[in-house]
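Take a look at these structures.
In the two assemblies presented below, chain A is common to both, partnered first by chain B and then by chain C.
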Partner chain A sequence: MKRPSGPFLLLGLLLILPLMLRDAYYQHLMILVLMWVAIGSGWNLISGYTGQVLFGAAAFFGFGAYTAALLSSKLGVSAWWGLPLGGILSVAIAFPFGWICFRLRGPYFALATLALNEIFRHVATIWESLTDGMIGILVMQTFISKLPYYYVALAIAILSIVTVDVVMRSRWGYYFVSIREDQDAAESMGIDTLYYKMLSLCISAFLIGIAGALYTNYMGFIDPKVVFSLHEISIMAILVGIVGGVGTIYGPLVGAFIMVAVQEIFRTGGFGILHFIGQSTGWPFMSGVIKYVSEAHVLSFGILVIVVILFLPNGIVGDWSLIRKFLIKSKKPAV
Partner chain B sequence: MEVFLQTLVAGVLKGGLYALIGLGMTLIMGVMGIINLAHGQFMMVAMYITYALFHFFGLDPYTTLIISMPSLFILGVLIQKYLLNPLMKVESILPENQVLMTVGIAMVLTEIARFIFSSNYLSVRTSYSSSAFYLGGISFSVALTVAFGFACFLTLSLFWFLIKTDLGRSIRAVSQDSEAAELMGIDSGRIKVITMGIGAGLVAAAGTLLLPIYYLFPDIGGPFTRKAFIITILGGLGSTVGAIFGGLTLGLAESFGATYIGMDFEDLVGLVIFLLVLLFIPGGFRRFTKV
Partner chain C sequence: MAFFEVQGIVKFFGGLAAVNGVSFEVKEGEICGLIGPNGSGKTTIFNLINGYFPLTKGEIQFQDEKISELKTHQICQRGVGRTFQVVKPLKRMTVLDNVIASAFLRHHPRSDAIKLAEETIEFCGLTHYKDKIAKSLPIASRKRLEITRALATQPKLILLDETAAGLNPHELEEAITLIKKIRDSGITIIIVEHIMKVIMTISDHIVAINHGMVIAKGTPAGVVSNPEVIKAYFGEDYRA
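Moving on to the complex of A and B:
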């Protein structure tokens, strides 16, 4: 049997990439992409494969992030212990939550996760004696260089992709997909749907929780507004999932790359190109354009969601055959 | 006792407006079977329309109802027709595509508002914004009472419309069983478009009525979307009578929470009630109403 070499080539590329890209800014972007790969994979497992749409990925992300931060600020333990512990504690939250809320189906479950996210955000804001509320928690960064963070993030991204891949190749994977396709049919075939939905949610929460702990370690600062943010985390996770491809292994990778790229292109005004044009031509209105473009990244997210759902409902990886057909057709219209 | 009564009154008045928000959401939920996560953003758009009319033309906020409601009706119609209805033909893995679409719409509306009006807090100050009258030692905010009156009127009109007119009957038929309704010759696509328009119009009214006593900034839609779905879940998805009870419950819960637990907990109370209702009375208050 021929083993596909693509993933290993990709892995090799990712391993040497930061050594070639010396610029700290691009390394930072790569770390963000890898973090989003982990979150996107987690989201994809429960939502894309198991069909239970998770609207509150930030609940687990923030929980992981706060676990790491509190370990360091309250217990004086290294925040790196947050990586395993954040994942495990996220599972500890996911477990009772899923136990209770998996009785709800479809949109009801999605709303319950949204409520969980909001509740955590409010609790983290109000419980000032523990979390310092809106002030947030500062954690000392361990390394000055970005490289160690990059490799940790890479390891987590690989862990998440491999986990999803292994799970989806196993018997569990088939159960998950059968639940997504028709829960009643799955139940009547003798699949314990509650059990397998829980399993899927717990694995997802673990991956997302680890990503949250990584965020704390890397950024060195968290507050409830950022890590429990509905827009910045929960919706971004959904976007990474659906832009890349719902229910595909490499979808989150593609999605994470595109979303972080889109975010940064807008935030930096096309990586400074607009700024350069403005300076070299001396057009006075360019500064206004730059200002608007840098404010437009959420708008671009919204438009991207609408366009992707309308035209590529299964994402870039999921609808790759469609895209390829379209590209080939537009190249040689005679066929 | 006085504090209790005051809290009760404040809760009921607020609940009237919440009911108006919830009614639109529940209509959309009943007919389309989706949760409209852009609901609060519709409200935000209506508030900006009211603000602009007040600011540039000096129109009284209540007068602007005749402009904000039709505009939002049209916005809802356009969104349903060109963005949501096409999705029903698209094959995709996730059934919640339409819900995700409304999230995208919500983001776009918020950001467009931010482009036009910037992120600054705005408010509409009228002579009656902060005035109040007293009945037996309990103060009634004038603006809130007027808003409550309008809300009752609109709710009653909606019920008259749903029960007495052909269109209203068609809407109820589609919400009960859209396939059967189609077999009876109802164009369910058209009904969906109209329902979205009505839902948007109702929440527009709530936004306009709320503006004299509230403030306005582009992100205000999010919290109200959350409130809208809490109300809808409390009342039972798709139940119009339930939405009224849901709105009143949320209004009361928030105002009692704010008085007796603490201002910080106002939003948390709603969410906790939401989860409790989901868990213990799934289907919401609809169980008790049979409507």
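Moving on to the complex of A and C:
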């Protein structure tokens, strides 16, 4: 990543990828990956760089998603307006929320985001006159082809990575990391820690809110259970953040790729391998195994968090030199 | 009005009066030594000046402004820098980045902040460690990093809390030289130090405290020969 040509090569690859990868299923997965790059980048800014763990990313994701959906269902405006508006309204939530929660240090912020997540989920479920509750909201999709969605998602992913990169090179970035490393030191260096924590959270909420609005436009349907989901969104966001590498610019990209793949492996039972084994061997218990595997992904997510924290505390990007050393070492005896 | 003035400050931790009615003033450009046995309240006084703890009672004035109602970062913005006795390096950042983060307070384009940071690092003799991660530094250099970071906020008054503790004789000489250099650059200093050699050679005036109260004030020679101070340091039975 040190060579400046790296990002451009990557960008070029991502630009032509859907033209080579014509299978709609893989295009769908790539769109999800790009959406998760935005969410992961947002999470990474407030949690990885600023050190304030965001447990309830779904609060902002779902808020962005509902903004887009309600624009269309209630106001008859194109749900695409949800992209900017979902981001801006998420900031409008993040601002007072941060103002209240960041006065306290320690785990209060993390827990409060979890609470916000749950409050929003309940409100979206109960306020049926607005949201249709559990029934959810259907939004007419604009395109049949996946390509336009792919490029919109790519633009959002690029926006996220560039935003985080630019911010982290600026004074704000220095302040965020200072706050993460030691709040007392930061305060005595003249840094208004409350203000800069709020600023970091607002940028995060903006990126995550946009990703939520993208989800509505792309999937064409949302309900509270999905977009405010604790494990599908909030915990997944943490995983995307830490698997790739906490506090690294490209960590969320790597994390998004791996986590969408992992999620998909579980959802499909190893891309159908288990099905295949079950069918070809005729073992009756395989259908049970398949069912458990596809439902065990919440558990496996937890295990993955532990494994990553134990062996790669800085994630795949952050510990890349460690991984390389390990690979080279383990190759040598074979030679 | 004095450049810097502490008026009857009191700090209670539960029932314990860590600081109990301390008053003193510091003139612009001088070095004020704050001495006292362990646990006498010196660090707490710094934490009160710096706004890290709220005052129980009293008032602190800096350049005709009551700073005791401001927040820590605002007090720093007014021109009061500090170091921590228990050092607080920004561990996973390089020395340079530690200091750049500080320099941003008064120098906005990043290039300006970097320039000031590099000058300050040079001034404090940390150039050799510039690109090292802060947590990898030996303790003497960490103490120096504390000073460097405080200086990069360009304070008018700096509070140094035992920055010479645990240094070997050679490092001690360097520390004294640095403190004098800071004074010569026009920065007023309040310094807490146990090592009498340091305090005696550099202070213009000394405030001695015990049990959170001022027991003597004045010139270094006067304070050190004060019977109260001798008693506080060496106990009742000590005969000179």
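Here are some notes:
FYI, the second predicted complex is superposed on the first by the 306 of 335 C-alpha atoms of A that agree within 3 Å, B and C clash if a C-alpha of one lies under 4 Å from a C-alpha of the other, contacts with A are read in each partner's own complex, and residues count from 1 in each chain.
One rule holds in what follows: contacts are C-beta pairs under 8 Å (C-beta built on N, C-alpha and C of every residue); 3 or more make two chains touch, one makes a residue touch a chain.
Since the model is a prediction, treat every value here as computed from it, not as a measurement.
Look at A:277: by the touch rule set out above, it reaches neither chain B nor chain C. In the overlay built on the shared chain, the residue A:158 is in contact with neither chain B nor chain C. By the touch criterion stated above, A:322 is placed in contact with neither chain B nor chain C. Within the superposed three-chain model, A:265 lies out of touch with both chain B and chain C [touch as defined at top].
Judged by the touch definition given at the top, the superposed model places A:309 against chain B, while chain C stays out of reach. More residues of chain A lie in touch with B than with the remaining chain of the pair chain B and chain C. When both complexes are overlaid on chain A, the residue A:242 reaches chain B alone and has no touch with chain C.
Touched by chain B in one complex and by chain C in the other is not one residue of chain A. Touching chain A in their complex are the following residues of chain C: 50, 52, 71-74, 76-77, 81-82, 84, 88-93, 97, 100-102, 104-105, 108, 110, 113, 149-150, 153.
Chain B makes touch with chain A in their complex at residues 34-35, 83, 86-87, 90-97, 99-101, 103-108, 110-112, 114-115, 222, 226, 229-230, 233, 237, 264-265, 267-268, 271-272, 274-275, 278-279, 282.
Chain contact summary for the complex, chain A toward chain B: residues 47-48, 51, 53, 100-101, 103-104, 106-108, 110-112, 114-116, 118-119, 122-123, 125-126, 180, 230-231, 235, 238, 242, 246-247, 292, 295-296, 298-299, 301-306, 309-310, 313-314, 318. Touching chain C in their complex are the following residues of chain A: 169-171, 174-175, 177-178, 181-182, 184-193.
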